[in-house]
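Each of the two complexes below includes chain A, the first together with chain B, the second together with chain C.
Our next item is the complex of A and B:
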């Protein structure tokens, strides 16, 4: 195997990994605020692509307007989802909330099927043109967009968490929701904003990747598994760990391909299970004593 | 949440998802204006959603349209025809469940489908237990080579298509082929046969890659193919994700040709691949270019009539999947017409087997006690994508 090939595989790994990272961030943000795994996360991804295709094809908007519009619209869906589905059962146990997210994911994908049909729908690249050559490997322009968007998302999230009052409230909820509430933090608002952020990140991943892959009403579940795996791999509840987990998962998948592309997903799952057995808190999170 | 509850949540969630995504039946109009009497009921299991929806959708449309037409023309020997269409979501378990429902609840006389090879094979146990004929629309060689007297097939198998693809590669002077197939029954069928036959055509498979229906990126597999020095990429696949392969090839600046199986001869693939699809070659049936049937043949009349009706009804020309469904339906319908009142599923099976020279969209059907496929390589022509559409290639 030549270096250029290895580099090409690494580029593919980091590209897919960035997408997993955005989804993992969505999982982790909602988990941090609610202690619930949001199984509708993949649907935000699917809706991002769908809305962008709808705005571009059906409404005839230019891409530069269609893409942000799709992200904003899905963010709205995230807020609606929280208000309509999660909030009424907020004081229920985690299990019932998780089941609600599973149901919500089915509702969203069925709706998408009825609104947009069951065919795969394509979207043009943000900046069409030949791939860029880099040390014998090729980087497609859309990949640069994906990386750029991930970078912006991570920087913005870091700023939000470290610089703003809201971010501090979210971090407080992350550490101990009850205590945060006792300290006067509006945890309800934090939960809603978490869903909005998760939806926005999912949609961002969806619109960024649709030019490469097309989108279809039922792709949410498959990509959610990858994002969830990335979040577990890195460690649930920590944004940086989620990003690291996503990139690592993407690289592992590509590393398997030269040996057997059939085993790509199997190896990824085996790695995930091993991590769960050896380091249940995730690779990138220090073990924390349970608070009682 | 503790680790145990994370796992518990996952298990419950996946069970719930599996339960909730079950399939619902849709009934086609049973032509209340035309024939009277008890309807003749057959079932159809189609992949209307999921990875093979690009195939199952046109199949469903073709059946709905033709059933309405049959009933308007008086039904079958005065009795209306009813086809119960079940969506298997491109999933083997749902295909099996749908078959059980059709057999036990609806007591259908025969089952058309499923769309895919894996689903068709998975349905077989139910079919055999019920003793009713199955007319599969799947393309896997196994469907009729693992012979069962009850099972018929309307599609060209890998045994027919792979030699044509390899012959073309040999004629073009290629010797090193990079193979990429999908991880389905259809893909595995092609993969096995290409590997088996390549040497007979002076071909070496320099890299043998697989992708999954849910995959969103094949640059890894293609990088390995490129690195192995392939002169041409041969793809044997049918799912929506196939359209990512030509895109990824372009992204990797691979300027070698892509030759694909009949599984990609549909508009969904052309739309998905966009500009990257230009020049891609496939081998498929004649319905995309009806003039190839020969202008004064019976088949030409059947096909052009079907193309006209379908285009008028749905605004797009039918692909060969719509054609397979048409053929599957008429194989059953014509056999029913030949039978006297009060026939059983066993009579129907025997009568389908007696089909001789029935002009269809995919070919002219003649079955025998040992051949339940009956297609030949004369039924297949070569197409190329030009300006966003499949056109006949020389």
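Our next item is the complex of A and C:
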């Protein structure tokens, strides 16, 4: 295979991978605060695209307003989701909470179908124009947007975790929720903020990728599997590992394409199961998180 | 200062703490002595707000805090050093201390927090040496010191200590208890739950003997140390009395 072809595959892998990374971050943030896998994570992704299309097409807003508005609105959905679906059962066992997120996911996609119909809805590229040439490979302009937004999100999240009082409180909850509460941290608030952040990241991924793929009410479940696999691959509960897992999953998928393009979507599942069998703590986590 | 009246609490249908009244004033250490499962730890958790109270009253300086949630009770001056320490194992000693001062925000508090950090390092110099080290890599004794230091960072008025000597070597236990003596003399109130009843009664001013969720006996620590029943049951003095 030519170098340029390889590069083209790598670009595609890193493009998809950064989308998976945002979803994996969403899984990881909620898991860190609650020990729950939020299967509604993919719906935040779907709603991000849907709301952007709605604001752009139906409300007639320019893209530059429609896109941030969609992200903010979905963040609100994340908060509502926590308050209405999670909070009443917050002290319940993990399994019932996971089932609640599965139910919530179905409710959100049904609502989206009801509100926005069942057709695939397109969104224009943020900055239309021909692809850019790079060492014999082509990079779509929207891909640069995706990378830029992912980079900003990851840097902002890193700053939040390492530099702020809220971030420190979130990390403390990650390590020992009971102790965090005893130190005066409002763990309920941390859970709510975690859902808001997860929804925001999911929506960001959704709006960034919709110009390339369109959106539909039922795409949430598929992308959730990818994001979940990425989070598990990297190691659940660690933001940096989640990003690494996302990028790696994107690259692995592209590596399979030359052999069989139909197998691409199976990759995530195979990766997910292999990691769970062989290295359940994830590739980038040294030891399993201690439970106290 | 801290007053607990007729407290009833417990996880399941049967109350583990069944109407206990305890009081502690500033600069006083009281201890709860009793067999495993007598309800001592549960009582501390209930005072800290970590588990719900079913009946009774917890108040500090006359302010009723019975229904104040755990994360706000810290701000009222009540802090628990939990059994098993519950440190943030992956975070540094410094960060653990900072988290202890989580509620103390604003420019005015910043200096006081910095002073308290130095005070903790003065009390436990080994923590200053290890300030960048992850809490999980500390020895058991250092971890207990950090747990106490972290609690002190909230500028508490009452410290609730749950089994601080558990699993530690005698020398380290000595260091920790002399630090507790210093804190008590500086005006801190303390409620100590300790499996080593003799150790606890030697350091405490007063003691409560807890049996099946109730206070069976209370009095000055020296009196309890000399009490035949207490010696027999809780101080392992079986052979002395028998012989």
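Here is the rule we go by: the second predicted complex is superposed on the first by the 285 of 292 C-alpha atoms of A that agree within 3 Å, B and C clash if a C-alpha of one lies under 4 Å from a C-alpha of the other, contacts with A are read in each partner's own complex, and residues count from 1 in each chain.
Note that in this section contacts are C-beta pairs under 8 Å (C-beta built on N, C-alpha and C of every residue); 3 or more make two chains touch, one makes a residue touch a chain.
Note that the structure is predicted; figures quoted are calculated from it, not measured.
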{"item": "Partner contacting more residues of chain A (chain B vs chain C)", "value": "B"}
{"item": "Which of chain B and chain C A:43 touches, first, second, both or neither", "value": "neither"}
{"item": "First (chain B), second (chain C), both or neither touched by A:82", "value": "neither"}
{"item": "On chain A, positions contacted by chain B and by chain C", "value": "290"}
{"item": "Residues on chain A engaged by chain B in the complex (per definition of touch)", "value": "1-2, 5, 8-9, 11-13, 15-16, 19, 31, 35-37, 39, 94-95, 98-99, 102-103, 105-106, 113, 118-120, 122, 124, 130-131, 133, 138, 140, 209, 212-214, 216-219, 221-223, 232, 236, 253-254, 257-258, 261-262, 264-265, 276, 280, 290"}
{"item": "Residue ranges of chain C touching chain A (in the complex, touch as defined)", "value": "48, 50, 70-72, 74-75, 79-80, 82, 84, 86-91, 95, 98-100, 102-103, 105, 136, 150, 154"}
{"item": "For the chain B and chain A complex, residues of the former touching the latter", "value": "1-3, 5-6, 8-10, 12-13, 16-17, 20-21, 48-50, 53-54, 57, 89, 183, 209-212, 214, 216-217, 219-221, 223-224, 226-227, 240-241, 243-244, 247-248, 250-253, 268, 271-272, 274"}
{"item": "Residues of chain A defined as touching chain C within the complex", "value": "165, 168-169, 171-172, 175-176, 178-187, 290, 292"}
